[in-house]
């Protein structure tokens, strides 16, 4: 086993050890956080989990005809104002 | 009265003196400007004074239902185009 | 003819020579490109030539009333979200 | 094993100092105030977060390459830096806290070229500038971020109410007593030996009384960059507290009858006046106070873009994308000045105290000025709009309106208060120009 | 008292020079033309405003730290600078205007490293770069702003009309005679002793004939940065004057019958052609003119983003937020070159004259080229679209259309003129590349 | 004539090397993949285009001023540079390819201050930095661009699914075996003598297995900037190939029954949890891994802006205008590293091979971890969501969903897979921090 390989193995042990430690701590921290929040806060309307907003492909439905009209209007508005 | 205090008093006299001079000049300059403009320009439709646009909280009223539909459409449009 | 004039004439000859060569080559390259594309590609829906989008002044028509309502809604939406 | 040890001795838990812990709590407090209490969130969220980042032990995010090199204190590195910084240290010598302090002190006092050289050397030796240090250099040390924000604010400002009643400019002038009164206050604290200030520091603290974020940041970045963090935090916090600070003062200085004064309808202002006004302000700057040119120049430029009607896309961008981008980096950069070693100082306490005083004095002088004007003029001004002269746009104007409504439910002062409110912005920029001229 | 005196002797009224007064009026004139007459407002509003800011006396907004140090002329500072600038000056010596001129001259001619060193020294001594100087360094001296604007213009350009009739590229080539003809014109003025130019200056002036703002700014920032202000102002002003400059020339060179020529409908262009075309242009640049790579590379990149259909959010941003942000700073930076000492020069008059000539020559050559093409080709071109080859997108194309309609109310030339119009952009970028290659 | 010769000998056709030709083809291939095949177009369009620009012969767009000076190889210039670079060369000596290689080598190995000095000298002699070199310096070498993109990604990320099932963080941890396994793989290649790597290079290659673009670019810009081009291209290409790479591995490691496991509905997550979570992550960074502070700090900041609800305009800008602007320049800058001399190397082949292996190992470990968790827990996890732990948001989660639907048409895994998917982002940032700490 040469120099590089022993460095690589060391790096893997330290790295994966650390990644797991860190994320395990995070699991517990998150669980505790959620528990504390739900205990000490007044009940509030919860938000159902959604996908990453930025890439979601299923937004609130709107009547397609209206949507089309609005899209055109936006395009028109934009082209007027961008000049 | 120590060094700093005398500097501070000097600064205040110079500063407030200057601020007042400057803004008094500006009052007169503004009055003259308004007078000149109203004299030498053709009558034009005047704009009623509004609050700072950026923070105004009372925009032109739109039927809430329409507004809601449009907001959804905009959100949809955005999420489609932002990806 | 002084130094500067002879430099200027040289620059003109080299410059216009090059501009014409370059654009003539581009004419042929473009013609070849269009021919190759139309030969080797499946027929696809073509887009009619338009003016530069950024400055066009004739966007897709939308019913003016709707457009107005939408513009207001957009303004309202914006002023609400810009704060 | 060796590597795990490196990770452990480099971890925050191993290195966290009490000061850093305290400042992280301060950062969390600022986030809490911004998110739950709505204290100027656009600035205090980035500032609070930046403050936490700046106090992560060993990360050195707010430090320059040279400061990081000094922090890690390898003897051979220190020996190399010693020559440029003119600190007496030899390679063999042991690295005591005193030695490090000598290095830090020498770096802090170093002239522009010494700082440049020592940073080049530190980068040659493999150290790098922290992320927040870079943000600060580009956005604040260069002066660009507060100016761009001021341009955006100009593009958001409507001078209509001011133009229809130019006299209210004087209310904006009077409220600047808050600034200079605070300088006197700092001198008093210094004279009585409570804490030490230089005149530059006193002036930078005074500018909190301008109640205008970008102006405060711009001035303190020039006059006293080491106080910038505390000054910006104080300025934005007190701006958020305006609805609590001002009303008692306003009520104490006015009678019920005065508060109930109804002001006449504002006259309509023509488009042309609005276009020409920023140029009039600019000409006054040209003729009388060139040192206010960066601040007021950008402000007027923004306003001209807004009103001229032919560059709407530029105006839009400066009110939206551009100001937002700059705000993010400005906030994080201000946060970088919340490092424990810089912030936890007796002076910070002085800044918080004096800043509050500045707001109170400014408010009072604005109200008194309005009463004074009423003595000389037939057309009565409701003195409640005087307090709006401190700026804190548009919060202070809303406060005037609310206190006015309390006294007389038919008395809508909002529009009238917008005049002194924007006049206060001009007034503090002028005061800033005077200070930079005389001390900068 | 002392302090009030400082304020007075530092005020604009006390220091305003005649030249600065004149240039402030020029700045106001540019604002008037932009706002009331609609002359390219997106650029001329920031340029005009920047020009005013650059001429505020004592503010030094357009000056570097070293220039500010020389301006304030403290003997000990000058003595320190003298060493680096190689000016003979001792600390005791009196500061005459000749001495200051020697310093300014030495700074102007200083090489890159001398300028760097003297600025570091000036900053060490407490002077700072002016705001507009910083804007100029970052946006124009680095070359980035004109290139980013060119990318945005690329993203706004539709090559459809050009692709359906590639022959019109030649009209865009012919119109570049305006550029090189102007260089000859400058040489003539020099030969007859009216004014002096170097070949670099002549070339930079000639590029006005390209009728393309970012190209003019890019080229003159490389070849003759001291003329950049006048060149940019001339370029944008004449672009706005295209509807007045071109029609007489177009009518003089064409018969009524020629003007009435109806052109056949443009063929439809496929999406694929539009995607591949910017890459074809790029390949031509790769093979034949690497020196045009920055300009045409960014232009083609912008156009590819527009047409490829998969990076719409990048294309949108480069057409909106990004180009707007850059335009603001580009305009202010150009304005920084309108300082009285740089602008009020006989050369500026020459630039205004020659720039006008450049537009006229370019217009004429475009029209004549169209007539020449008609000699060799069956398919007739309306020579009125030749004038659009100067670029000035889309103004010149609209002029072609309008003059065409005057001759024949059923003759819609707009689409046909867009081809040579965008070809003119490519043509001037190529000419710019040749000039930079041979002279840069 | 003379001038036309200059143009010809300076043209691309005259100078194009085989390597440049090949790399231009690679650039076109990347554009084709991005535009026609939809491979991560937001990055690969700018990267591909930048790659073409970087290989334009004689244009030197990706070279620094000093590299351009060396390339043009004027004897007097080389003689001037020789002193600083410590290369033995006298003015008279003939310029052989060996001499140039000696210069290039000395420049490449030069320390920070040598590089600075030689670039100042080259600029003094009239050479300039290429456009792409400037873009790279500002956006990547400074570290700012990947961090700003990470902030934007944070503002786009919804931690809801992760919060409702925090256990899935462990899947994101397991998938990081791909990173470190690849380091071992590189060491194996080195040990068997196939190709040479240092530990820094091996680590930079391993980070491809993080399946996260900005993290890869950030790490390799610190550990192995000369490999950045290949690493970024590999990272984005394989992210685009996830739908092809992952399913076979997922199916091989799971039984039909396992793939059909239906997971229970995710619990609803309160707004407060979402606000506090980024702060919890930040505190973990503060306490345990300061070296991950830039990456995770900006990520958490972006997410806090998104969730806190009071700075919507900042959140919007960081998700749109800001991230788009930075993406354009980041992409072109990465492209600048696709120069033939840097990219065409045996190491690039190794990077492509090892990068692929990294994805496979990461996928496998994620799936196996999920199976392991099922051994210890009552509540069963569908092991298909384990593969999403590599990140590649949201592609990998969609793949999990699709493979799940194949096994059981009523089994919607998308939401469940989003948890490990975003956990993978945190996991790779942690791994990046460890690597920078131990090697940087």
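First chain written, first letter: the chains are A, B, C, D, E and F, and each begins at residue 1.
The rule we apply is simple: contacts are C-beta pairs under 8 Å (C-beta built on N, C-alpha and C of every residue); 3 or more make two chains touch, one makes a residue touch a chain.
None of these values were measured; they are calculated from a predicted model.
Least step count on the touch graph, subunit C to subunit E: 1.
For subunit E, the chain with the farthest CA centroid is A.
When the contact pairs of A-D are matched by residue number against C-E, B-E or A-F, more than half turn up again in B-E.
Between B-E and A-F, more C-beta contact pairs join the chains of A-F.
Subunit B and subunit C have Cα centroids lying 38 Å from one another.
The centroid of the Cα atoms in subunit C and the matching centroid in subunit D are 45 Å apart. Each of the following residues of subunit E touches two or more other chains: 3, 6-7, 288-289, 313, 316, 319-321, 434, 438.
The set of subunit B residues that touch two or more partner chains comprises 11, 14, 18, 53-55, 70, 74, 82-83. On subunit E, the positions that touch subunit B within their shared complex are 2-4, 6-7, 312-313, 316.
Taken together, the subunit F residues at the contact with subunit E in this complex read 3, 6-7, 10-13, 15-16, 24, 28, 31, 34-35, 38, 41-42, 45-46, 49, 52-53, 55-59, 61, 120-121, 123-124, 131, 134, 320-321, 324-325, 327-328, 332. Residues 1-2, 4-5, 7-9, 11-12, 14-16, 18-27, 29-31, 33-34, 37-38, 41, 44, 46-55 of subunit C are the ones that touch subunit E when the two sit in their complex. Note for the complex: subunit C touches subunit F at residues 10-11, 13-14, 17-18, 81-83. Those residues of subunit F whose C-beta lies close enough to touch subunit A in the complex are 156-158, 160-161, 163-164, 166-167, 169-170, 172-173, 176-177, 179-181, 183-184, 186-188, 190-191, 197-199, 202-203, 266, 268-274, 276-277, 280-281, 283-284, 288-289, 306, 319, 393-394, 397, 414-415, 418, 422-423, 426-427, 430-431, 434-435, 438-439.
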